[in-house]
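A single structure is presented below for examination.
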Amino acid sequence: MARKNLNIGLVGYGFMGRTHSNAFRQVNRFFDLEYQPVLKAVCARDGEKVKAFAAQWGFDSVETDWRTLVTRPDIDLIDIASPNDTHAEIAIAAAGVGKMVLCEKPLGRNVAEAERMVETVEKAGTANMAWYNYRRVPAVTLAKQLIDEGRLGRIFHYRAKFLQDWTISKDLPQGGAALWRLDVNVAGSGVTGDLLAHCIDTALWLNGPIDQVTAMTETFIKERKHNLTGKVEKVGIDDASAFLARFSNGSLATFEATRYARGHKALYTFEINGEHASILWDLHDLHRLQFFDHRDEGRLRGWRSLHITDGDHPYMKHWWVPGLQIGYEHTFIHQMADFLQGLSEGKPVAPSFREALATDYVTDAVLRSAASGRWEHVKKLV
Amino acid sequence: MARKNLNIGLVGYGFMGRTHSNAFRQVNRFFDLEYQPVLKAVCARDGEKVKAFAAQWGFDSVETDWRTLVTRPDIDLIDIASPNDTHAEIAIAAAGVGKMVLCEKPLGRNVAEAERMVETVEKAGTANMAWYNYRRVPAVTLAKQLIDEGRLGRIFHYRAKFLQDWTISKDLPQGGAALWRLDVNVAGSGVTGDLLAHCIDTALWLNGPIDQVTAMTETFIKERKHNLTGKVEKVGIDDASAFLARFSNGSLATFEATRYARGHKALYTFEINGEHASILWDLHDLHRLQFFDHRDEGRLRGWRSLHITDGDHPYMKHWWVPGLQIGYEHTFIHQMADFLQGLSEGKPVAPSFREALATDYVTDAVLRSAASGRWEHVKKLV
Amino acid sequence: MARKNLNIGLVGYGFMGRTHSNAFRQVNRFFDLEYQPVLKAVCARDGEKVKAFAAQWGFDSVETDWRTLVTRPDIDLIDIASPNDTHAEIAIAAAGVGKMVLCEKPLGRNVAEAERMVETVEKAGTANMAWYNYRRVPAVTLAKQLIDEGRLGRIFHYRAKFLQDWTISKDLPQGGAALWRLDVNVAGSGVTGDLLAHCIDTALWLNGPIDQVTAMTETFIKERKHNLTGKVEKVGIDDASAFLARFSNGSLATFEATRYARGHKALYTFEINGEHASILWDLHDLHRLQFFDHRDEGRLRGWRSLHITDGDHPYMKHWWVPGLQIGYEHTFIHQMADFLQGLSEGKPVAPSFREALATDYVTDAVLRSAASGRWEHVKKLV
Amino acid sequence: MARKNLNIGLVGYGFMGRTHSNAFRQVNRFFDLEYQPVLKAVCARDGEKVKAFAAQWGFDSVETDWRTLVTRPDIDLIDIASPNDTHAEIAIAAAGVGKMVLCEKPLGRNVAEAERMVETVEKAGTANMAWYNYRRVPAVTLAKQLIDEGRLGRIFHYRAKFLQDWTISKDLPQGGAALWRLDVNVAGSGVTGDLLAHCIDTALWLNGPIDQVTAMTETFIKERKHNLTGKVEKVGIDDASAFLARFSNGSLATFEATRYARGHKALYTFEINGEHASILWDLHDLHRLQFFDHRDEGRLRGWRSLHITDGDHPYMKHWWVPGLQIGYEHTFIHQMADFLQGLSEGKPVAPSFREALATDYVTDAVLRSAASGRWEHVKKLV
């Protein structure tokens, strides 16, 4: 079967530029698909570095201005992997000229940006998707299947946290290439838009809409040297963010994210307690799912540690043999596989920009509540 | 060495009556102490049952009215292990006649009761202690030592939860002997005063005072048959309770308790994240403490699973040999050992009624916040 | 119900003297039984120390010569908790005068001693039992139930190990009170008779007879100061012992014990792999049983971590509430409860001396194979 | 930097054909190297299937006769990923015409084949390497570093096992494409050459030479339908294999492999106990290393669960960010990176064919001992 080319124009060559590029290169090796991504061009401001990146990953060409990239007729799809402050502008321009648009999460720095992005891609009618990659961890996808099958029954509790410890040092500066996540002007917020957004996207997908939240945020280190100005400046991001929530289905939730939890590098965990069964997942051992089923025989009830490496687990028949685990980057490959399959079938692939906007509505309510000290309602997705 | 007798009058023969009786009987077998508890009398309303209990545990006599017990001249210490609605009255009467008083947690059903209890015992100048037994899990005591030694540095985060699943069934009635914890008139509140109180006591001990909280509570099953009336009645307790908190030391916290977390029988866990080190503990494996020290060599940093069975771990030299674990009931034996040691030294042993009152101040703020939807300040312990 | 007294005469006040005494004192608090042990007398050579022990544990009287104890008419049962070199002589004398006899494991220092013990108690027709306490860990008893119910199907593999690390230091002496286990004349052998014996007893109980073995033993530290002579002497015990085995049911096994496994205090683990299901247990977390059932739905197969604290788990309804674990010493209480129940019913309680002899037959074959370098047959129990 | 091409000719397109192809494609994306593999040709007997595989993976051309491939002047390196019975013939032919040769493990079906392979590549002086990929699991490489640094001190114990459960069904046939590992003529042996060989290679690397072994093997299912003949035939392979060993450094070992351990898909674990420290690793969670250091402060000694995802862990700086794990296939990428680096530096990269022969000497002794029932000496590598 001859595959159809899908010409990619990538913006950004950082951490996410690498995970996306790898997904484009690997997807057709492991999945049978009509379409194949072609690494047509990569774009970033630093000409030398972008050339090196293109050589490393096999891009055909480079650009240093995304406006040029976006209008190139040989590009089918713009993939945005640059910092948050560029998402809206690039996405809107790309959709405006009819390109498909993929965008790293969060959609925008704030709801206003995100709403404009949704509006534009929907008006353009172009394929769009946000890279909330954790939906495609096979263990997480299995959790979704179990919930959709009604295995858990009525849901009582949801709890999620995303714990890191990389910004505890006072000597860490803010801003600039590697540290834009600490610069509020670029990032929009701190852990709320970065880590909590992941927790929220998964939660909305698994457990439905959130009605209201009460939140607190904290900036533990108040001032840091800014890499762009060279001066000590006020830190505008939140270092930690936690909230209580009530879901529309009546369940209660606790959410927390921080970069000050010593001992945890990327401990994203979620747990769901239902009437009949419970589920627990942990990014540090992402190939496992913990599952408890009360309908098991009494003496033999216990949390099952599912090793998600079998052919009947989501996505896993495409990889190796039972017992052999995959890693983090595979989640992007899975998402790309689903996107390409959706393209063949003419179906949108979740999470669309609109679905990603729902997450921004929650983070917006979280930040509003942290400021007001009150419960805040979450704006409903139309 | 001839030991001095300490004559015990126990009120209540339920779950806690058993754990306390066991502590009284076992403490001198494993600890060298000047005092030995003598099982002088046990009191409960049901004459037949209290006789059977006395025979089982070796009490010398029985009473069916606690007022009689309290005034018996051969009793040195009144130990209250009866339901929450009896705590204040018995404690106040016992202290009023100069008896030492031990009381199961929580102190009272509410702050008013608890404050009167504190006032009375302090005016009487009699020894008093609340059974917050989890402080004496060796792993938890070790956590306290590590914190007091400054091993963790500045504290950023505290998170605790106590998850159970035994009230999910709609068919479970409320009230009566075994189910008084579901009857708001007897218990005072639901999981807030029952499970959260444990989490809070440990937290105040390990991490200092809490300034303010924002909370939510929920009663998932709104009506249950009442065992005393035989009728379906409104459920007055909270089934689940969660809150965000700010400690005086600047750290942030999440707390949660529920009886609707399928798969968890008594999953009391807490985690503390400090600048240098973190600690995690879990009641389901209470003989282990998880410890992470950032000052370890980089390549070799990892969570250490400490098996708390060595002679240099708190309390453990009194038990068996390294590798052999102890269980739940030992926490009460440890607390009694400390109490008797304090008696010899003329020193109060924590948690005193006053210290237990601090927990009631937090649960009170939690319930107020759940009602008001706002952050509520926690009353300061004088 | 008035309970019948069973007058105990205990020999030995070391580690096992304490676990047995505790069992005698606790058993009637938690189990409803016709008989109750009475701590009539404890015997040991050091008069001062045995008096202190008697005071600590509540024994009515002391003896310093076991020959006197054995013939006291007020003693019903002799319990042997003294070092291995005393087991045979005491047991034979006690049975000879018609006393019931309980004996710490291993039965004798060697097969010759053990066979004489079995012969004597059986000729006397007196109740007898060896303290292989790990059979009464609730998790292990549950394993036995599952196997007996045929849940595992045909058994393919058995593997057990018992790892400790307390004799690694070259400076540790051998012999004398606390270190008799390092003196071959007292102990009979090293880890083979000490730790492996536990592994073998459980294995024979769970998986039936062993036909043949091939073994190796090693003494890592060849000479140690002897506490009794004050001189550096050859070490006669084995520090480590491992063997391969073939069971009569066709399954294969590996066994290993050592006191040189850094990081393990008492890591007794066993795993059984059957056609349909597998079981794994670990003394370091003795209140858990790992269970895998291949008949579970494919996607949801995983090792279940059973928290053995529920009322429907063996022995557990006698203790606390679900989620609250018991410890090491409870295994002795359970064994005593079963023994007393057997007494009421006139039924022998396993493991009898004869069943304990089966373990000595295996350790004998292990030591023979380690010497011969060949597979050795295990003597069959008649 | 323009990279130098290294033209690859791959034989075999099964499981290992895929892992190797992936390594060739991925290595230059993540490692800076002078050489880059070029997928010049893939060879297998089935013309249609090999074409599909070439299209999937991007090979420039296909061959259906390895003799043709081996002599193609445009090929620099022959990579053998076909079944065991082809290894010797292809490797010898390739080396004979001066090609570099990589070969999947085990080297040959038996020592005779393996010795001829070593002799030929060494006479030819061509680069050669066997794919014992588990050496390049970052956690395993870290274990090697710790041992080489003397962290463990004198080694007392080594224990390894590789447990699978995929051949328990009696209905599974033997032989043919997917099941050649069950056909003794193709595989040479069963789990001994397949799974135990992995355990042995790692062990020799970490702990030095093995002197002697005593072993047992078993074939649980004696007859299976043969896919090539269509008839029920005797099963010639070993289903399970276990041995005791003595290493030259004085340490004792147990090894076991089976395909009949229900519940385990690919549970390769090893543990090393040294005087000062111990290490434990498990393929089911390959990104973790368990480490115990007795030199830690007494109260705080515990097994550390090292999450091997930091930049200072072996190979990990080439991947993502701390906390994000890699998977199974990355081990092949690492081995290829090392091989290409060795090529630049003119240095052989372990394990060479000669080093792989050492493993075959051990498996040979294991099979001899299983037949003789005696301890057998392991042939020394010259």
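Going by the order they are written in, the chains are A, B, C and D; count residues from 1 in each one.
The rule is short, and it goes like this: a contact is a pair of C-beta atoms (placed from the backbone, for glycine too) under 8 Å apart; a residue touches a chain by one contact, two chains touch by 3 or more.
All of these numbers come straight from a predicted model, not from anything done at the bench.
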Of C-D and A-D, whichever chain pair has more C-beta contact pairs: C-D
Geometric centre distance via CA averages, chain D-chain C, whole Å: 42
Centre distance in Å when chain A and chain D are each reduced to the mean of their C-alpha atoms: 36
Chain C, residues touching no fewer than two other chains: 264, 301, 303, 307, 310
Graph class of chain-chain contacts, one of line, ring, star, complete, other: complete
In the complex, chain C residues that touch chain A: 142, 289, 291, 293, 296, 298-307, 310, 312-313
Residue ranges of chain D in contact with chain C within the complex: 156-157, 159, 161, 163, 165, 168, 214-216, 218, 220, 240, 242-244, 246, 250, 252, 254, 256, 258, 260-264, 273-278, 292, 294, 301, 303, 373-375
Residue numbers on chain C that touch chain B, as the complex places them: 15, 19, 21-22, 25-26, 28-29, 56-57, 164, 166, 264-267, 283-288, 307, 309-310, 319-330
